[in-house]
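Next come two complexes built around chain A: one with chain B, the other with chain C.
Up next is the complex of A and B:
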């Protein structure tokens, strides 16, 4: 298939899918729920703790709810991409599409760009939401927050690619959904436990806890390359360190991660075929 | 446990200084009438051109090195559980951690030594008895049992090439405000000069103490005489006839270690190898180690913030991206210091080579280390980019309110105008900041030339209570969804109508 036909197929597929997403209420309901959860976390962590302490030094407190929001939104879109491909295969839609001017590359990229466009819409809502919250609480809306928001596009890119790869490598909807959620949950929990263990690095730990820390740190050396969350966290850290090189590297590595996963997805499509 | 050990060591040191000093003073005092002994000492001095070391000097010279204090096995440990002592050639290491020189040693089992880049650290190659103490999971050394300096020169290699060869040099630690406070390292002749100056002042102090006791005895004798006369005659003396009591001399507040010799290492960031080449030209076995010299990832100015309303609950903010949030009008005090961010593993390992588990599993963690405090700077408060206030460093005193009720006031330490503060020391020295919680500010430190200290700026924002708005804002996407849903329903109806 020529490049021109492929681009056309991607455009048509993306346009059709994004229209369907925006005309549905699902994305709006999910976004409202995510923002409500993050506001609850924000009020009960930051605002109360500053009020209790009287004075407190914090990294911009919008960061935590923003992280929760973009993390949940990216997971939601990753799940959507995983579901969408598995459903297309289950219903036989994929087979029908592949009889037409659609091949594995245009199909995978169509799904990928659809979710990315959906995320850009989410990003606009996030911008409005967090700007308004920072305004009413006076916590400040700095260029750092904008940088993190921009970085979240690449988190979504990783998450969606991850979802596509999982759905391509499994044949049943339920398996791909459970696998995606289990892995994302594992990455999130691992990241949280690792961060917590490392945050008590200065304290006296029992030898058992030290060995647990060593195991976690060694495991992290491996997981940080496969977990989409870790790519984002590295970028966030670079933002706070005012390290443009680290920030660019985080974006570049996220893009490479997405590219590798999408290439693997295309390869698996071609090997496994599109039939149920 | 670690704290109690350091406390015990510190108390032991202070006690040793005090006891030896008191004993020496007493001996000097009791020796006033012993002319023959003085003559002998004088004869020795005249005859040989060298004075016998004073007890104070003996005490100073017998003080163990920082590494020995930190890693010496106690008699209790040596006596418990029959530890298997092994004679080893070890590196004793006193690395600079930004505030002080710590003490550790690298036994044979440790193959990498960590040091801070571009700062002097003290390394020595010594033979001692080493054993592993399983209760605290650390290697200990019996320095008092065996401590032999292994002769030779220290070779530093990079990529297999010798880039430097170091001879042992004299070094001394100096504490200008006493042990436990600011610490300085002096090398070579300067180390000897600083120590000799301190020793001379200490000796002069003990001489002054002897003279004081003598003068005090004489004053007491005169007072007894006056009292006796008053009792006998019944006539009071004129105040001008009563002699003034002698003034007690004040001891030196600083402290200097007696100079010793070791290798003073100061290298730029990088991975090196060190080894000791003996006088016979051969590499001394077990002395080849990797030397990892690390530098900071970031530098800045750390704030120790002391809120006025709970001054014992101070907190640190080192990261320049931190924002200070206020709830209403607040008064707080800032104690600034230079700060550098290091890899936690390297920073901790540097001072804990003898503890194999210390810092393990923390290679991905970063930590801020405090360096010297900033005292020669002004704190500027800005609003909308304009400097609205300049604050100077001042001493403050925390005065407990009298009575049973809890409470305190933080007042400027001014003993000249406040008699209650005379004879006391300030609780802390800081920059006092008083901000209204109605607008945002920026804080920063500037030097005498007006240059902003790198990493010293912090944003200060009063936080607002948003009420339910914080839950109303997230519903905006839902509202948009409802509009889209309504519009879709409407267009669908129109479509159906047209079809009909």
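Up next is the complex of A and C:
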């Protein structure tokens, strides 16, 4: 019986939050910014290089702007998650919910599904946008794009769970936001540096750089499991390798990652309580 | 309905609530009193399961809240001292959200009734950020009543209201109680508590010092009773006769007005009146000064008196 009540509480709170998001301007401003930035990337990378070279053979010309688009959207929603719980605690509205039939599991899952639904809205607009771009520029709309878009739902799931965990862990909104941005930036920079250093041939490295490379590679073995971005990158890589098994594994590991982080969030939430 | 057993909450070295044994019976209005920092809100938060106790337990409707969390929460209505609202919503949207959360049947009809009771129905489409403190408090009460709960926990329910609003809320609470609802009120407006509560519990420094009906509290706190008589005309022999009565502690007179202090073990008004008549006096007014809840509260909390023993005050 309590499962039914819990599902009901999740549905009602998700509905209230998504309604508030859709009636607000924030999501549309972010959508417009995402389209502008991804279009800029598309024009400046793919189209300009085609114009310069006269002809180019590209299997996935929309990949770069699409990657930028889903990356920005997932980061934005992760950011929203990172401030959602600490803001509710700060405003006191969380306490009022807990006077009634809402428990820590339904509350945390309500926040999670709200952000995921918001992402689906963004995804629908993105799909229309990229389909329109492919029609206008005649670059083609491959199944890979749809695969990446589907995969991005799980990237968002990881980002949102990560944001929720940070929001539960901190009491102040500003701390959660700064922590979220700093960690995502760290993961991105780390991933780029790691990729770069691993791409250099061993004989071209100084002994110090070899040492740094070993340290970074060992650190990567740990970070790749805690960085939400890495789960998406592994899935993208599977799409490009045409590896359905790797693709499915990336989705499964994203789901496990989300589940672990959400469970940690619920545990931490129960320990911290709902009071301001 | 509410039972706490040795309920204790410690924050580091500070004991906010100390071995609290609280009993609120079904159908009663219970006044939960105490000065600021006495531990009342901490207790209410523990009753609601929002703060875990350090020791002891809470039982609501005979069960621990963890045994039947959702069903218990659906049977409680809560009004906090400060109203935390979704200010971007209208009152209608706000109550509709909570109506859905509590799965209230005929929710729109119920919202109409509840908002009507707190006189906010005409303001139902206004954004909550434009509401005054008093309106927010009344909306909070409407939310607490919306799902027709069996138990109401109200923390300072009238603190932001004008006298008209206070009367409105008092009438609503009495109506709810007449329907069989149990109500726990924590308030500093002692005159209101005295008017509507069947029993009161007084907390100080985390401990429950007294828990009884007002009449019983008065009886146990009062050592002397003051009677004020007004006679038709001044009579010295009446004053002298009153002084001779064995239960009289002191007498003072000011013309036709006489003040008699008696022991508090029983009501001596009849004997005082008869003595006056026997000595040719005519009583045109006789008043007994009763200890108010405010006086009882101040006496108990200032002296930190524990009245939880069966007989009389004990420090």
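FYI, the second predicted complex is superposed on the first by the 255 of 276 C-alpha atoms of A that agree within 3 Å, B and C clash if a C-alpha of one lies under 4 Å from a C-alpha of the other, contacts with A are read in each partner's own complex, and residues count from 1 in each chain.
By definition in this document, a contact is a pair of C-beta atoms (placed from the backbone, for glycine too) under 8 Å apart; a residue touches a chain by one contact, two chains touch by 3 or more.
Since the structure is predicted, the reported quantities are computational estimates derived from the model, not experimental observations.
Aligning the shared chain A places chain B and chain C next to each other free of steric conflict. In the superposition on chain A, A:213 contacts chain B only, with no contact to chain C. Of the two partner chains placed around the shared chain by superposition, chain C is the only one that A:20 touches, whereas chain B remains out of contact.
In the superposition on chain A, A:252 makes contact with neither chain B nor chain C. Shared-chain residue A:47: touches chain B; no touch with chain C. Once the two complexes are laid on top of each other via chain A, the angle at chain A between chain B and chain C, using C-alpha centres, comes to 160°, given in steps of 10. Of the two partner chains, chain C is the only one that A:98 touches; chain B does not reach it. More chain A residues lie in contact with B than with the other chain of the pair chain B and chain C. For the pair chain B and chain C, the least inter-chain C-alpha distance in the overlaid model is 7 Å.
In the complex of the two chains, the chain A residues touching chain C come out as 1-2, 5-6, 8-9, 12-13, 15-16, 20, 91-93, 95-103, 273-275. Touching chain A in their complex are the following residues of chain B: 1-2, 137, 297-298, 303, 305, 307, 309-310, 315-317, 319-328, 330, 332, 344, 348, 357, 359-365, 367, 440, 458-459, 461-466, 469-471, 473-478, 480-482, 484-485, 488. By the touch criterion given at the top, residues 45, 48, 50-52, 69-71, 73-74, 76, 78, 80, 82, 84-86, 88, 97-98, 100-103, 143 of chain C touch chain A in their complex. Those residues of chain A whose C-beta lies close enough to touch chain B in the complex are 22-23, 25, 27-29, 31-32, 34-36, 38-40, 42-43, 46-47, 50-51, 53-61, 125, 128-129, 132-133, 136-140, 144, 197-198, 201-202, 204, 207, 210-218, 220-221, 240-242.
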